[in-house]
Amino acid sequence: MLKVAVLLSIGRHPASGRPRRAPLDARALELALRLPGAEIHAVHAGDPAEPVLRDYLGMGLDRLTVLEIPAGSDPVPALVAHLKALSPDLILAGRCAEGGEDSGMLPYLVAQGLGAALLPDVADLSAGEGTATLTQALPRGRRRQAEARFPLVVSVHPAAPEPRQSAFARARRGLVEAVAASAPQDGFIGECEIRPWRPRPKRLRLAAGGSALERLKAATETKSGQGQVLVRPTADEAARAIYEYLVEQRVIGTS
Amino acid sequence: MIATALSSLILATLAAGAVLALQHARRWRAGQPAGVDIVAGLKALPGRYLVDVHHVVARKSFNARFHALTAGGFLASLPLLVLAAVPALRGWLLWGLLALALAVMLGGALMVGYRRRVEKPAELSQGRFKRLPYALLAYAAAFLVVALDQLAGGVLPWPLALAFVLAGAWGGAELILGVGRGPLKHALNGALHLVAHPRPARFHDRAGRDTGLRPADLEAPKLGSERPLDFAWNRLLGFDACVQCGRCEVACPAYAADLPLNPKKLIQDLVTAMDTAADGERRTDASYAGHNHPGRPIGLAQGGAALPLVGPGAMIHPDTLWACTTCRACVQECPMMIEHVDAVIDLRRFQTLELGATPAKAAAVLEELRVTDNPGGKPLARRTDWAVDLNLPLLAEKGQCDVLLWLGDGAFDLRVQRSLRALVGLMRRAGIDFAVLGEEELDSGDVARRLGDEATFQDLARRNIATLSRYRFGRIVTADPHALHVIRNEYPSFGGHWTVTHHTAFLLELVESGKLTLKGPTGGSVTYHDPCYLGRYNGEIEAPRRLLDAIGLQRVEMERSGLRSSCCGGGGGAPLTDVAGKRRIPDVRMDHARATGAERVAVACPTCTLMLEGVVGQRPAVAEISELVLEAVA
Amino acid sequence: MRTRRDPRAERQAKLVPGTARPRFLVGAAPAGFANAGAATGPTGRPRRDPRASRAAAVVRTAPRLRLDWTNKGQASLAIGTAQAAAAVKAAVRVIEEPAFLVLAVLDQPGGAPSDHDRQLIAGARLLADAGGGAVVAVTVEGVSGLGEAGADRLLALPADLAEGYEPERHAAAVLAAIETLKPRHVLFAESADGGADLARRVAAALGERLFAGVEALSPDRASRRARGGAAEMARAPARLMSVAADALPPHEGTVHEARTIPAPAFEAERRIGAVRPLAVDPDLIPLTETDFILSAGNGVTDWEGFAELARVLGATRGGSRVVCDEGHLPRERQVGASGSLVRAGCYVAYGIAGAPQHLQGITEVKRVVAINTDLHAEMIKRADLAIVADAQEVMPALIRHALERRAERQGKERRNA
């Protein structure tokens, strides 16, 4: 039977800052739940008392293993040790957590620790004998298919199917299994200075070939669209203006 | 001999009817236990029949009359026929009284025949129901002939007289045996339902209105209703009282827009499913002979008393369940006092809490509600963004005030902000000492509860109640009828008791007390759309009308208004579940408004505002009442 | 509009080219900021003024505005670039003995360096120039022109790495380069085209921390977003960093040597195979992922023309609720509160009024073009380019125009070839 581990973390809602199921991890779990006949092991490294963990149980899991580690410590060694013992074929995780360092490193470190292959940005997958066939989501809606050998770590892309709703009653009934684990303190975060994010003007993309100054100007402007209005132009004028604009915005190519 | 045949046939039929009824009662008695005060119910029964039921039936006076004649005559004839079993009593008095009763009934039966065979309203069911007028006529006419014959001393040759007795007895058997499952269900199940009604407070002998949903016990082993057997017995009895009169079908806004929901069929789906033995037997809806849920063929739905009710192949399609706007129009119209909305919510509770099967955007909105306390997932501080220049006083800073203005989630919407600004402007002019909760105000929980997410509702309710309890204020005023309903009628179960006034009533007070002075007639015509949660849920239909009259607008009524108003389509989370039909509910409602020829539709609810403004094409402008009042103040 | 000051960019503008260590021209205010009216920049080159070029394109203003975009506006821009190229030719900086190396591992989606790659090299330049280091662009064979972008050395990996999808091999190649060159910093592009993945593979293999998605960079400080975007995390530049797109300005002013250095040999295990791109019809891309949406509302009646236009422009079709209700488009094409919340770079709205529920669906859209007969439509207010005209007339004209331009382009290409 296909053995699948899903790595779940706690997300943080961007508006309220309150904990929630991390959107990409929930998608990872959704993909796992859709694999026919898979034996699913859901794992979280952190605090087993966190109520939001139950939201994952509400998606239809009977149990969830929590490797109990102190807040602010590095979850990777504990996860790797646990997964080594479990030796799953497939390990699914969101490609980036929400609410922590959000570096997107975890799947890579786990793959490295296990000596497993890794495929990023997966939107869909099916499992065969010893391999999986995966669909990767690329920028601008493009897709790529690939095959990869087990053991395989897969990082899940936002284009993966929406996670199913978490049902209150199932969440209440599911089992959170705490397992003691050790974790080194994470020194790197301590070296960083952390403060609230202040939005800053984003550089505008400008057609190459502009002068340095134009690019500089672009670098300092948040929005150049001045709401230009053409009132009752002829159809051709309108067409030309729209076309130029699309070219300028690089939505349609010039080459 | 004829008299003996007559009375023994009737006695036999009554006995058979009693056995059948008892057997039949097993179906609803299999439901969950419910605390019912039977004695009080029995005492109240005649009053409830004659006042509450009559009140509903009498909305169609023809129907009330034929009911009175037919039922009166029938009920009077039965004891007389039974008495005829005693030879000593067989005299001119008995036969004369019987003839009189049957003549009265015959009049009624002819009216029923006219309605069913000549008028043929589309909402009536066919099938077994088609025979009803014949049965009534056979019983009344044939027995009348027999009674007259007996009065005259038996002039008819006996074979002919016996033929009349048999014809009448067939009619009687149709009627009496039909008490269990046929057209005359209301005679027994209807009466019992009135005795054991799950909401006794809705009758005239109590509060007269009871619309708040009942809290669900979140610790229960199963949340909500999955199968017929999960409903309380008196609720099943209620479903079983349905006479398929179709009044709910006519009133239902979802049905009118051809969404796949017909409340009459919904109740019949429940009845058909509970008709099976409790051991997993299946039954389809093939015997149903009325209109189905629009767009769905008859015969595909199947279920049983112990089988899941909701599912694509089950008795009730999920689209049917989620198309309901919880507008209570069906409940308002039902002569059998059936509580459709309670049934819908119980079924939804199971779908949401146990299965996590809330459809479309609704699931995501519930998740946002849980994590951010508002359906849009916005920072709560932004609830008052539109009012930065208005310097809304915060209750947290003032500590106390006369009026706490509950803004509602509409405050996050650009359109609704316009009417809230008007309301705040009016309150300022009138010199009201008011404040808002600002960031402390959470969603009232209305949408979560109607979508079956009782857990999120209770969490929001408890936290709102805790916040409100910390402050001193005179009363709550809100422009949102949904919040009003929830705080006024549903928070009390969780220990929150406050006076909540709708802003239309509040503005009327201000106008009538002279705190707001009007410029004089502003002119123009307007039609008022009653929000379901203000009208039917809370009975407030007068204040907004008086307010519109006071500002001097020429008011015209739509084809449906007041307590019988038709929904905008915005309640019950329906915009989130977004079940598709041929049309949209607000388009249907806007047709009603267009038909009045009024220049504007006045609305008194943020949801109605958004739903009606979403209608495209030529239409009357949509104006919130506060905006109209602001135009009119001096 | 008030021009905003950007100290970083100002500093960059005052950078005096041609020296090993950065020198700044502090006295003179850069014209772009203090002196918005000036027609020329600090180097004496003419600046392009969009408003002026639009003014130049005006053919007449009454009875209604007409613009001619094929005109002089473009000509002056052409002169500008020619002069810029000439000015740039002058200074080639050679760093013979760098104190240390900074690697810029280019992304090169489709084989050619992207804007993002140039920004990356500029970031590496910044770090190198702070201490006499040199920038090594890790690229693939056959790429040129990176000297202008600021690269001192080129390390070219086998060309097939850019063509196929072999992330494990690519990572092994970069790892070998890092092991051989022992750079002080390695910069990757934080991009979904492969850069983000490569950075993490390399970091995991090295067992080093990646400071991912850098949003601002100076020689002594790098910062990035964390905690779901709510926090800024900053520290001294890490050894391994990936840089977000459009976070840094591209390098300007000096041309660097871009001397090719040999690429070390490498070896990799291959566990990923059978790679093939899946064909995508732009019109079948989910609305939430596409970058270019052509959207129709109740004002559109010519549905064939609409579909044709989407095909010609390579756009994904979307629509308002009304048109989906009426079945002109399938339900999953609905944009708005009860449809999809889209985040396209460009959204062209034909005959859409801009109801609040519709606008809610396009809050994340960068540029909106609206075509509507009603000047007062909300969509016109939301638009960056608004055209008050009949959709049915503009659609065929735009199809014609696009086809003509495409034919012109193809003709030119053929002549060049």
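Order as written gives the chain letters A, B and C; numbering starts at 1 within each chain.
In this section, a residue touches a chain if its C-beta (ideal position, glycine included) is under 8 Å from a C-beta of that chain, and two chains touch if they have at least 3 such contacts.
Predicted, not measured: the structure shown is a model, and the values here were computed from it.
Set against the C-alpha centre of subunit B, every other chain centre is closer than that of C.
Of the two interfaces, A-B and A-C, the higher number of touching C-beta pairs belongs to A-C. Subunit B and subunit C have centres, each the mean of its CA atoms, that are 58 Å apart. Computed from the mean C-alpha positions, the centre of subunit A lies at a distance of 46 Å from the centre of subunit B. With centres taken as mean Cα positions, subunit C sits 22 Å from subunit A. Shared interface positions of subunit A, i.e. residues touching 2 or more other chains, are given as 13. Chain contacts: subunit C has no residue touching two or more partner chains. Partner subunit C is touched in their complex by these residues of subunit A: 11-14, 17, 98-105, 107-109, 111-112, 117-121, 133, 135, 137-149, 152, 159, 188-189, 191-198, 200-205, 208-217, 219-222, 224-246, 249-252, 254-255. Looking at the complex, you find that subunit A touches subunit B at residues 13, 15-16, 18-20, 58-60, 162, 164-170. Touching subunit C in their complex are the following residues of subunit B: 360-361, 413-415, 575-576, 578, 580, 584, 610, 613-614, 616.
Within the complex formed with subunit A, the residues of subunit C that make contact are 1, 3-6, 9, 12-13, 30-33, 41-43, 45, 47-48, 50, 54, 64-67, 69-70, 77, 80-81, 84, 115, 165, 167-168, 191-193, 196-197, 200-201, 203-205, 207, 209-213, 215-216, 225-235, 246-250, 252-253, 271-278, 280, 282, 285-286, 288-292, 313-316, 345-346, 348, 366-367, 369, 371, 375, 380-381, 383-389, 393-394, 396-398, 400-402, 405, 409. Subunit C meets subunit B in the complex at residues 298, 321-322, 325, 331, 338, 353, 355-357.
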